[in-house]
Each structure stands twice: as structure tokens, then as C-alpha cells.
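The next block holds one structure in the form of C-alpha cells; read it before the comments.
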Amino acid sequence: MDLILEGLVKAFQLLASLDPEVLGIAMLSLKVSGLATLISLVLGIGFGTLIALTRFPGKKILVSLVNTGMGLPPVVVGLFVSILLWRNGPLGFMELLYTPSAIIIAQSVIATPIVMGITIAAMQQLPANLRLQILALGATRTQLVWMLIKEARLPLMAGVMAGFGGVISEVGASIMVGGNVKGYTRVLTTATVMETGRGNFDVAIALSLILLLFCFVINYVLTHIQQRERPR
Amino acid sequence: MNQPANVLELKDLKVDRGGVRILEIPSFALRENEFVSLIGPNGAGKSTLLLAIMGLIRSESGSVWHRGEEVQSDASRLAFRRKIAMVLQEPLLFDSTVYENVASGLKIRGVGRAEIHDRVQNYLERFKLSDLARRSARKLSGGEARRVSLARAFAVEPELIFFDEPFANLDAPTRQSLTEDMDRIIRDKGIAAILVTHDQSEALRMSSRVVVLNGGKVIQDGSPAAVMNAPVNEFVANFVGMETILEAVVLSNREQRMAVRVGDHEIDAIGGQLQGEAVYCCIRPENVTVSMNDPAHTTSARNVFPAVIVEIASLGPFLRLRLDCGFPLTSFVTRESFVTLGLSQGGRVYASFKATSVHPISKREG
Amino acid sequence: MNHLQKMLVVMLACFILSATALVPSSWSAQPQQKNLILATTTSTQDSGLLDVLIPIFEKQTGYFVKTISVGSGQAMKMGEKGEADVLLVHSPEAEKAFMGQGFGVNRKLVMHNDFLLLGPASDPAKIHGAKSAAEALKKIAQSSSLFLSRGDNSGTHAKEKGLWKIAGIAPEGQKWFQETGLGMGETLNVAAEKHGYLLSDRGTYLALNKKRHLGMEILVAGEPKLLNIYHVIEVNPAKWPKVNTPGAKAFSDFMVSAPTQALISHFGTKEFGSPLFFPDAGKPE
């Protein structure tokens, strides 16, 4: 008990003093996960909309695969991505292992199915005749897709937030492909594990509090989005 | 030909679904300013027809023509759609303000901001929505939402407008006021229209032409009066509310004046069928008069029969009486009359109707 | 091309664009040979020594060192697979096997520190003053006193296993023998909480004890078998041509150079009163 209290006190001191290393780690987390979320936004909404609006053989299987992908354990993704990026692996020549880019790649792989799955569900939940109404208003195909995405913007945003929430709090992939190199690939989650291992609970708690704060903000926005009514 | 080309023409349109032919229209034309009501039972193909015209569903064969030009390529189809507006059963508004919704069709067409503003204000006013311009579409009542969807359709100032059961689920006063607003604009702007509806009274009120569709085919196409009073077959007759349909045999026919036998009774009618032919005699309930005393020598109605009131049902402002004259006969009377005459179930009355109200249909027709 | 195919192409293009947007930073800013991957152990990293030495090395040579700290076992596996350029480890038996199989070259002695047998002040097994670590372990086993092991194939764990062997005891599976599978710091915390015995390196213990007083005592120390010896090994380029050989050599030379050795000898004295490591470069094994 003392341990925790001591840790909490020291954690607040660290945060209040704006310790540069802690801040640096937090910023890196935001940057890396932010970029990964951006990529997943483009790919997830893009492919998700395409899949939702087109009819093709094997669609059900593909959607099932995407939904399965939503639950990919980050550490598994980390393992496979690191195998790809190893020096002696197929993409070794790109020298991406133990760089922030590697984490971004792995986190994109984690987040994209999440965004894609939610996009597919959201687009398919739009009223069946909305598509007809929009086309009847004289929209081109591009205008149609754009307007449908706009109509579904709230659940789509929720999907993106879910993707972000998933990757900013993952540690398995970050450790494997990032290597937790100080000041370079050390993010909130990997730093927390390391500091805990060293017994530096004050720092670990400080980092955890920041991570919790991020998670709370995400959840708050998500909840806010979900509470709105639907249009007639 | 000086006549302007038809606003819309269909040639040999065929639509299949799941291997079954659900629509087959050899020809159809719509002129400027024409208001056509498309009526028929569920599954008759009414909505399919509208969607096929707009190219929103695939057709097996056939062509759509607009003012003499065939709508064929993707480009011409898009241009065609931009001259039409369609209002569906649900309002299907977008998740934004009323203003944005009404402006959406114009935005799609790339109309300039200033002009959008003018037009949207105009149509908001016409549909009494000016106060709601900034309101979110999510927060509208059913009637308000419907008005917005209409305003949205009219704002693009179409040449041709389609309505697919736009007034379903609205209460009578709302229907009334909306129909009036719509009617006014359509007449002002000279828009051609096709209204798909279940409700025949609506069809009658607004249209200059009624098309009856069943099983994907056009059964009858004519003026409202023609369809209502001269249905071309039993199906149409039933559908348009000919409550009384009697099987009869023609006894004699001299210059269109017929006598037919229904059971043990003889009825005078006007029609072209020949002696010995089997026919259906259709009589609209509005044309059957009920009186307490025998009107035989004081009325021009040729057909007078004593009858017993078998069943009374309320249809709002009037009552439907099922009479037994030796054959079944249905009549509509106002509540007032019902009360004044002191009518009641089981009561004995006299039912009368003119020969001109009896419309015979040849049994094999259809 | 129909719409579906068109959109697929667009999507693929977006994917490739975004992927390439990530890569330039590592391609242009750090050309191939500037990166040096150093595989070392958590305890070495945790002592903080590398946080002092690495920046100096980087400044001197311009290499960008990626310090990957994992257990000794995994560090050597990385060397075996050619995924690291140079190793700094302290597991002599395993290292000899590593060298024997030709995975490493230029194994040089760098420094040593020692392990301590720690336990509760009450010392229920009465190991204080034992002449050898092995003897102490025997007493612990005989009294079934709680003992915490890292159990993670780290250098520390390997050392501990060796000591149990010498003591002739197989502790695995016994109720008093608990394996945490955690790092040194965490295991120390667990032992402190549970009032158990454990083997720890001096550096981690001193650092942790300074932060929060653990309430444990150093019961056995100074015995030759408790020495913890560090070597730097370059990964063999003959086996793995992609290895950054010049970088590895530079690091290896750096670690045994006089200035570095001097730094090592002073490291920790200010904070803990005694140095955490003892430089050994050039000495016979």
C-alpha cells in the first residue's frame, strides 16, 4: 500500500515538474499512434466503404475475416511484423526494425481492421433506400460515396477513435518491433513495462496516468458521439 | 410535328428479378404538365417502374426516352436524373440542418452559393419551413420531415417528379395541407408528375390520368373518370372500389340498352355485350340510393328493389350498408341520412340505382 | 476497368504512398552503416551505465546505437541470427558455446561486478557468514526457506542455476522455490515483500535500495563464484555479412579503451559510495 501511495505522490511530482523525458515519451506515443491511426483511417474507411457498397462473391467471408482481424492480439502482429523486418527477413533491406516507423507499421496493421470493420457495419446500417435517394438527387458515383460517408460520419469517427484507443494502449507490438530504445522508440506502454521491471514505480505510475488520461479522453469523445439520435 | 416531344417515353421496358419477369411495359408516354397516378396492389411493380425509368435498377431490355432523345449512356442518364426529382416513402433526410437538406440537390448540381440561398429560401417558404431552416433534421416531427423531403425535391426545379407513396403514415390534416402545397407548385411550374399510391382518393384528386398496374403490366390507362366508372375488368373494378360486382347473363340488348339477369332479378344497364353473354355488373356504392318508401314511380332510376340491411360499417364520414335485394348490393349513405331515415340493421328499405350506373364487364375480358 | 477495380488501384496507391512516407527518415537520415544494434541484458541497461557510455560513444563515432535489452539468452540468440551487431553480455558458459559455434569473434573482457545473496534481516536459514554461496543455498534448501528466482534464462538466472548445481540441489518444483519470470528489479521487490531470499547483482540492488529501502540484508558476498563477468562480443560477419562490422569493432574497442574503463570504475561511486562495476580490460580471464 505504501508503495502505491509513494508512487502516486512521486508521479504527480514528476508530472507537475513536466519532466522532459516523460513528456518526450508521451509525445512519441501520440505521434506514433496518431500516424498509425491516420493510415488506418485512410485504408479502413476506404476499403471498408468499398466492401460495404459493392456486391461480389465471397463478400461474407471477407467481412468475417475483417471482423476476426479486429481482435488481432497486438503481440501476434508484432511477432509477424518483426519477422518481416528482420535483417534477414524479406523486408530487412529497408532497415525498419527498431525504428518508430516499424511501430507505426505494426500499429497500422492492428488498427486498420478495427476501422474497416466498424466502417462496414456503419455503412451497411444506413437506410437501404438512402443510396437510391441520393442517386435520384442526381449524384455521381463519387458524390454518392462522399455523401454516404458524411451520413455515417459519427459511427466512422467512433471507429477511428476505437482504432486509436487500441493502438495507443498496446505494448506487445511496440516492444517487439520497436525495441524500446531510449528517446527513439520508447513509448508510454513500453516505458511503463520497463520502469516497473526496474522497480521505479513512481515513473511507471506517472506514465500510466498519462496513458489513462488519453484513454479517458478517447472514451469520453466516443460516448458523446454514441449518444446522439439518428436523423429521420 | 409541331407537338413537343413527350417528356418521358418508355419503349418495350422489361425488368426481371430472380428469373421472374416483374415488369413489362410495351409503351408508355408522359406529356408536359401531365399528372399521372400509378395505382395497383402491393407487388404490382409500381416502385419498380419508377426505379427502372431512373436507371436505378437494371432492365432486361427496353429504352427510356426524354424529349425525343434516348437515355442510354452513363452521362445521359446522369443528365436525365438531374432533370427529375424523386420523393420516396420515408423522408430519408441527411444528418444536417433543414437548410442543408433542401440545398443538397442543388449542391450536387454545382449550383452557386448565392443562387442556392435564394432558391432554398423560396422553397422553405412554400412549404412553410422558414422557421425551421436551422433545425437539425434529427429533431423534426413526421410531417415536418416529409415537408423537408418535398422541399428538397422541388428545390431542384425538376421537369418531372416522381412520388412513391409520399403520404403514407401521415394524418389526414397533414396529408391535406401537403397535397395542397404540392399541387400548387406543380401547377405553377408546369411539372409533369407520376404519383404512386395505394390511396385512390388521392389519385383522383390530383391527377389527370390514372394508370392501373398489376403483375408488372398496365391493365388500364385513362382519365380518372374512365378508370373509376368504366373499369376494364373485374380486377380494376375491385381495386377502384366497385363494391358491388354481380354475375349476370345478358337477356337483351337494343342500342346499348341492356337487360341482364342476376339470379331471379332483372337489371337495366347500359353496355355493348350481346344477348346470352355472361358479364359482371359493377355498381359503385355511391350510386345506390336508399329510401324508406318505394320510389318506383317518382325516380328516374330504372332499378328499384326492396332490400334488407344486412350489415352496417362505418367509413368515417359515411357508412357502408350491405343490402340484400335477392342479390348483394352495397351502398354508401351519410351519417346524417342514416339517422334521419332511422335506418338500422335488419331494417327494410328500397334500394335504387340508375341504368347508367350499372357497368357491365365481359367475363372473359382482362 | 470497372469501378471496383479502379477503387482497388486507388486504395493500393494510397497504401504504398503512406508506407513510403514513413520510410525516408530511416533511409536518408541514417544510411546503412550508421545504425549499430547492441544486444545486451536488462540488468546492464538497468544499472544506468550504458546511459552514460552510449552517448559518449555516439558523439565520438557518429554511430546511432540501438540498445536492445533483453535476457542474456535472447541477446545471444539475436547474435546467432545476425539480428544484432555486437553483444554485451555476462553469461560465460553460454558465451563459450556461442563462440565455439563460430557466431562471435573478438570476445573481450570488459568489466565485472558481483552477485549478492540477499535475504530478510531475520535470516531464518542462518546463511549469514557462510563460506560459499553453494553452502548458503544448501542451508536455504534444508530449511525450506522461501527463495525467489528470476527463472527467465537471464545471466543472473544462469548464474543462479550454476550455483544450485554446485550445491547439488534441484530446487525446481519445491514449494519454497518460486520463479517470478520477471526482471531483477521486480524480483527484488517481490523478495522484499515476501521476506524471501534471492540472488541479485550488486548494481540493481544498490540502485533499487536507494530509491526505496528494501529492508533486506546482504548475507553472502565476495565469493569468487559470485563474480559476474561481462564480455563484449562482435557478431561474426562471416556468418552474417549484413552485420555492421566496423561499428561493432568500434564499440568493442571503445568499451576496452582506457578512458571508458576509467569511467566504468567511477560509475556509481557518487550515488552509492562504491562503484557498481570493476573494469577488467586486458586482464587474463
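Just so it is clear, A, B and C label the chains in written order, and each chain counts residues from 1 on its own.
Note that a residue touches a chain if its C-beta (ideal position, glycine included) is under 8 Å from a C-beta of that chain, and two chains touch if they have at least 3 such contacts.
Every value quoted in this text rests on a predicted model; they were computed, and no experiment measured them.
**Q** Which one of the chains is closest to the middle, using the mean of its C-alpha atoms?
**A** A
**Q** When all chain pairs are ranked by how many C-beta pairs they have in contact, which pair ranks first?
**A** A-C
**Q** Find the chain most remote from chain A, comparing centres computed as mean CA coordinates.
**A** Looking at centroid distances, B is the chain farthest away.
**Q** Per the centroid of Cα atoms for each chain, what is the distance between chain A and chain B, given in Å?
**A** About 55 Å, centre to centre.
**Q** CA centre of chain B versus CA centre of chain C: separation in Å?
**A** 87
**Q** Indicate the whole-number Å distance between the mean C-alpha point of chain A and the mean C-alpha point of chain C.
**A** 32
**Q** Can you tell me which positions in chain A touch chain B when the two form their complex?
**A** Per the touch definition, chain A meets chain B at residues 127, 129-130, 132-133, 135-140, 143, 147, 150-151, 153-154, 228-232.
**Q** Which of the residues in chain A end up touching chain C in this complex?
**A** Interface residues on the chain A side: 3, 6, 35, 38-39, 42-43, 46-47, 50, 54, 56, 86-88, 92, 94-101, 104-105, 141, 179-182, 184, 196-200.
**Q** What residues of chain C sit close enough to touch chain A in their complex?
**A** Going through chain C, the ones touching chain A are 3-4, 7-8, 10-11, 14-15, 18-19, 22-23, 25-27, 30, 32, 35, 37, 42, 46, 51, 66-69, 81-83, 182-186, 188-189, 204, 207-208, 211-212, 240, 242.
**Q** What does chain B use to touch chain A in their complex?
**A** 51, 54, 56, 78, 81-82, 84-86, 88-95, 104-105, 108-109, 136-140, 142, 145, 152, 156, 162
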